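Pasting the structures in now, so scroll down.
Look at the two complexes coming up: chain A is in both, with chain B in one and chain C in the other.
Take a look at the complex of A and B:
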């Protein structure tokens, strides 16, 4: 494990902010178990729990907390200076942090979404949701990591994207769905395990290409912004 | 690259010493000019960066450390720009003013992480050496979150020194330290400077700078107001009379005799002795023994009273 990965992971799990990750996955599993045990038709509870909660809320919110935490928290408290005063190419800082963010998000979301997918339909759907969520975790993490380098309010901007763009506009303005990570994740999962529980208008090739583009594009942006990272120049 | 930078690379080998060159450096934020056309060269030894709050010291330090791009001019370490050039951190260490440490790590883990990030061949040995240097051996396994401000500061200094950099920049390094820690840090900076390291530390506390370094860079309102040994700077201020405290066997007679001396512009007599104002430092110090001898007076004490860094600084700020 690289030193940057180790510090990032220690920083992430050492902050109380990490506890915020736990309730949402627990709610997702709890709802799925409840619906299943009450014998509710999966066609009824599947879409709102898997998509409405799992892919539209749990995945982006967990990615937002973790993605803005791996670098944004260090920028906020100034500890980032310790890593930046080392003779490391900046990609060697961004990539480990991105790996930690995407990995932690994928695991935190993967476990409950797998359980919910199995309870709703099959192991195949569970695995498809895990794989698609992992791809989504990478894209979201790259986006939120880059946001923490381009704005001082990455959480606010991230929430605007998730709630306004994906949540509100995605529901009423169908064209915005093409630029929605959530819709790409649904398209990819549906391709791997076709089911009436998941539905999107975005095609699989478009989803795959755009997911890769967002992940690579925002990573490159983050590396470039970190090269020009400025410490606030207030005088003492 | 400027001519100054070329000279720096042509100087002693980088492994031995390093030179930090600033050429016509300015930095502004919108309409506010934080640093205005500063040119300086920092070589081996300890230099104090002195200035009142808001003078632009931190902005200048951040530009030197590659954490801020100059709006105009160049900052170069041995001819290489510091901005967007992480390679300079092999030779440069920074201790920023903001108290930022990973509180969930111990001092040993924190310094070891720095050593590993520097890819040092033996990070454990380098860590032990750096921790010894700042005398943090006893508390090195405790979490940094439990440390006092001074201990955190020493931990940060250890992390900045772990790769034995040629250049060390410290922003207000004595903040939060108790007098013993302060003395220890001053001695450490002295040792590093004597060993050929280029050390620059900023401070707005005159006493600190005076004790650590004779060489100062004085910033006032974003400009470099003076540069060099502060005692020499004082002597170059010929428009300010020099003030001396004189005690002798007959202060009254000496006062009368001194008033006839051309280099003396005023004499004040009180119970403790004479306060003499002299326009020309050299002429007065040469004339005094001659005058005393001629009048049979023995001079017991002669002290330059405004050659302290404080008076130099206040003259510069007032100017």
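Take a look at the complex of A and C:
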């Protein structure tokens, strides 16, 4: 485990604001347990909880906060200079940070969504959701990590993507769904455990290829941007 | 002991003897500065991107709705429904604006400078809150005015038609005010908890998005009472419920409102309690921050 990994993990968990992430998974589990204990038909509560809350809100929001935090926080307070001046290749900085971001996101989202998936249908659905959301966590983290290097307002741009592209346009304009990580995750999960609970218009090969492409492409972009990174003050 | 040789020279500094503006002017200045901050006026071009992006999108939508109505004569959405349809953009706008208003001051540690003036703790928080309310209301009310102007100029019933249109607009503006108050108080409370704008923006969006699916789940539980009370759980639907009860037919214009049953007053009480609770916590927060 490299030092960069260690520093990044400590930067994430060392502050009390990490506790801000906890309510999201807890609500997910709480709703699933509530519905299950009241005996509501899974076909009714499955889509709003698993997709509406789990894959459409918890996954992107956690990935956004963690993914822009691993490097963005250091850029914000200027301590990124300490890492940049070490004789490290840039990929040895980006990859550990990406690994921590994706790992933390995958665990934070995976545990509650596994519980919800098992309660909704079967262990198979739970495992499929965990695997798909882990792939989604990697893609989202790569995207948001690259965003925090491309722009000084990564969270707001990320929110534009999550809220307006995936949330608003994805609901009304079906064409944008092909380019939506959320839909790819749903497609992958549906392929691994076919249930009527998940449904999407994106085909599985397209989803798999695009997920890999986004994960690799934005990682390469992040490494490239970090090569010629200039440290500046806070935006006005 | 030598004699004192030092002399204090009078180098001409003068005391300020003019009128001193009081608390109201401080409040007014802070409020005006807050409204300008939200829209990025008097700041760099980068600060204007996100607010004006949202403003332009809602205006374009309003213009489109107006155009459809004047050409085809079909009412796509009423004034109040416009606020509902724009809810995601309002959330985004609040997530942009609230951290700009309070998180920057927390982060750069300028609060002691503010509070060394004759400015009570509560006034600072309330002026920021009022600024955010105003900005959100303008965001929702401005496009409604565009829709009204479009409808007023294309009406074929003369002054009578304009008057009817105005009677439709006023509840819409009132409803937009309700949206603004509820959203601003929640967003500002969340933003005042952290000095990092990034975390504040994420937190605000998380609060609003997280509660929406809760409504979806509560409204399918096997109990009619819970179903009718489900919309309390999320701020946007809570506002919708209050509007449904208070404005009734004016809001929906016979297009099926929310199934809230007889619980309208409960929604109103819940909204008042929510806003009051958020404002109280905000004032409490600034009492603590100021003491540091």
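As a working rule, the second predicted complex is superposed on the first by the 232 of 236 C-alpha atoms of A that agree within 3 Å, B and C clash if a C-alpha of one lies under 4 Å from a C-alpha of the other, contacts with A are read in each partner's own complex, and residues count from 1 in each chain.
We adopt the following convention: a contact is a pair of C-beta atoms (placed from the backbone, for glycine too) under 8 Å apart; a residue touches a chain by one contact, two chains touch by 3 or more.
Bear in mind that the values here come from a model prediction, so they are computed numbers and not experimental data.
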Subject >> Simultaneous placement of chain C and chain B on chain A, clash or fit >> reply: fit
Original post:
Of the two partner chains, chain B (first) and chain C (second), which one does A:127 touch, if any: first, second, both, or neither?
Top reply: neither
**OP:** Scan A:220 for contacts with chain B and chain C and give back first, second, both or neither.
**Re:** neither
**OP:** Taking the C-alpha centre of chain A as the vertex, compute the angle to the C-alpha centres of chain B and chain C, in steps of 10 degrees.
**Re:** 80
Subject >> First (chain B), second (chain C), both or neither touched by A:208 >> reply: neither
**OP:** Considering only touches as defined above, state whether A:118 meets chain B (first), chain C (second), both or neither.
**Re:** neither
Subject >> Touched partner set for A:6, first chain B, second chain C, both or neither >> reply: first
Original post:
Who does A:229 touch here: chain B (first), chain C (second), both, or neither?
Top reply: first
Subject >> Partner touching more residues of chain A, whether chain B or chain C >> reply: C
**OP:** Please work out whether A:179 is in contact with chain B alone, chain C alone, both, or neither, and reply first, second, both or neither.
**Re:** neither
**OP:** In the overlaid three-chain picture, find the nearest pair of C-alpha atoms across chain B and chain C and give that distance in Å.
**Re:** 13
Original post:
Which chain A residues are contacted by chain C in one complex and by chain B in the other?
Top reply: 235-236
Original post:
Which residues of chain A touch chain B in the complex?
Top reply: 3-4, 6-7, 10-11, 14, 77-79, 81-90, 227-231, 233-236
Subject >> Parts of chain B lying in touch with chain A, wherever the complex brings them together >> reply: 27, 29, 34, 53-59, 62, 65, 67-69, 84, 86-90, 92-94, 96-102, 104-105, 110, 113-114, 116-119, 159-160, 171-172, 202, 204
**OP:** Sort out for me which residues of chain C touch chain A in the complex.
**Re:** 43-44, 46-47, 50, 53, 88-89, 91-92, 95-96, 194, 196-199, 201-203, 205-206, 209-210, 212-214, 216-217, 220-222
Original post:
Contact residues on chain A for chain C in the complex?
Top reply: 17, 20, 23-24, 27, 31, 34-35, 38-40, 44-45, 48-49, 52-53, 57-58, 61, 64-65, 68-69, 72-73, 76, 152-156, 159-160, 162-164, 167-168, 235-236
